[in-house]
Amino acid sequence: MNITLSQAENIIAIAQKKSKSIDTKMNIAVVDSGANLVAFVRMDGAWLGSLDISIKKAKTARYFDMNTGIIGSLSQPGGSLYNIEHSNGGLITFPGGVPIKNKNGVIIGAIGVSGSTVENDHAVAEAGAEAL
Amino acid sequence: MNITLSQAENIIAIAQKKSKSIDTKMNIAVVDSGANLVAFVRMDGAWLGSLDISIKKAKTARYFDMNTGIIGSLSQPGGSLYNIEHSNGGLITFPGGVPIKNKNGVIIGAIGVSGSTVENDHAVAEAGAEAL
Amino acid sequence: MNITLSQAENIIAIAQKKSKSIDTKMNIAVVDSGANLVAFVRMDGAWLGSLDISIKKAKTARYFDMNTGIIGSLSQPGGSLYNIEHSNGGLITFPGGVPIKNKNGVIIGAIGVSGSTVENDHAVAEAGAEAL
Amino acid sequence: MNITLSQAENIIAIAQKKSKSIDTKMNIAVVDSGANLVAFVRMDGAWLGSLDISIKKAKTARYFDMNTGIIGSLSQPGGSLYNIEHSNGGLITFPGGVPIKNKNGVIIGAIGVSGSTVENDHAVAEAGAEAL
């Protein structure tokens, strides 16, 4: 099972709407089940450095099939996954990456959002992931 | 002057329509005047390896403000720009990357397309670039 | 549709048998439909530099859903895909990478083989790809 | 002294058996005395991001001839090897990488395992390393 472009575009549209509703400017990336980019948008005025972060968040969420913030809670100094960020060409492990499931609960991709606080990033990613 | 997301999405929509009209499946990337990604789509079933190529074509077209194929004609063995592809983290210098100009002729970004023959890639990129 | 580890191991076993029958020592890699590694073996005494080449051949074959040698015939100086090897973190475009199809003809991964002449590399990859 | 493919495959088979016995899905990599990959398997459904981590764990264990977790205890903030993970193209220093010794105690390679908790990863790596 893999996400379609139509699904990815729908997810990004919902995520953009959420982003605007909380007055933020986001980079939004969607990857497929193989962690390869399917669709991406950078909203006007969004941070340039968040471009790469949004893509890495989406990849990270699919790489481990969990929200990126969970990994970040384990990768702190003294944590069991300390410095896991050095793998896979660079992970981003703070909130804003969320797996995307189809109606049967199968993970078919992931969304990554970056451009505001991690709380806002996560909220927008969550809104997108729930669009299906 | 810089491209907006709205313009980039319009360009991608036109490029997708052109791609479908010639029965191809494309990766389509649009970068801004800073050569940074603004929007991207991978059509269902498009080659996975064309993801990176489409982005590199868009960047290459903006890096040098010309169609990528022109650079490729100069980067051949014995040519004046031989192996320029080693720069900038990897250029793609065959056709499919085209600068995007606004109505006053100012370059505000570039489009890169990959997924078929270079002739088809260029035709789709050209259609997108002319959308504005 | 994606390749299973059991299928990949079977493919590698057949490829190894073919490699021994022609008195060669190979690196053999199998990637899935997302171009991510599923299984790999380096036969005793096989060239060390062929490790990376075998993986890149498998990825390249899946990236473009064709034998790697076909791409190489188009990426020569003056060819339409000249220097495509600079994309995707490095492609290998000489023979030895072959897509893997299931019984319905759907591509579910790819095999890459390196360690001898490109003719031998291709023969071993072909034997592996036909194992399913 | 260097590990053979036959030994590496035996080690991976034992590690897979251990992985199944504790109901986990692992990426398992074996490198030789030169820290170069000899054999690799990704069990069906194992985390995609653990592919790279398992290989980096195996390399890290051989780079320093010790269990990866030991290095991780020294690479914490304030520790003597703080941020050593930046070397060698990226190390992984939490548990799951274990040197492989022959019957005379000579290190001939290393195994890296990733796909579950670090305790489970280490248990599976240890089972594999003891197979010889």
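Letters A, B, C and D mark the chains as written, and numbering starts fresh at 1 in each.
Methods note: a residue touches a chain if its C-beta (ideal position, glycine included) is under 8 Å from a C-beta of that chain, and two chains touch if they have at least 3 such contacts.
Chain by chain, the UniProt names read as follows: A, B, C, D = Glycolate utilization protein.
Quick caveat: nothing in here was measured; it's all calculated off a predicted structure.
Copies chain A (Glycolate utilization protein) and chain B (Glycolate utilization protein) of the same sequence differ in orientation by 180 degrees, per CA superposition (steps of 5). Interface note: chain B (Glycolate utilization protein) and chain C (Glycolate utilization protein), two copies of one sequence, contact each other through mostly non-matching residue numbers (shared numbers fall below half of all numbers used). Mean C-alpha positions place chain A (Glycolate utilization protein) and chain B (Glycolate utilization protein) at a centre distance of 25 Å.
Rounded to a whole number, the gap between the C-alpha centres of chain A (Glycolate utilization protein) and chain D (Glycolate utilization protein) is 29 angstrom.
Centre-to-centre separation between chain B (Glycolate utilization protein) and chain D (Glycolate utilization protein), using Cα means, comes to 42 Å. Across the assembly, chain B (Glycolate utilization protein) contributes 48 as residues in contact with two or more other chains. Taken as a graph of touching chains, this assembly fits none of the simple shapes: it is neither a line, a ring, a star nor a complete graph. Counting only pairs that meet the touch rule, the chains in contact are A-B, A-C, A-D, B-C, C-D. Of all residues in chain A (Glycolate utilization protein), only 32-36 touch chain C (Glycolate utilization protein) in the complex they form. Chain D (Glycolate utilization protein) meets chain C (Glycolate utilization protein) in the complex at residues 4-6, 8-9, 34, 36-44, 48, 51.
Taken in their complex, chain A (Glycolate utilization protein) has these residues touching chain D (Glycolate utilization protein): 34-35, 59-60, 62-65, 77-78, 80-84, 86-89, 91. Residues of chain B (Glycolate utilization protein) that touch chain C (Glycolate utilization protein) in their complex: 47-50, 52-53, 56, 72, 75-77, 83, 85-86, 90-94, 117-118.
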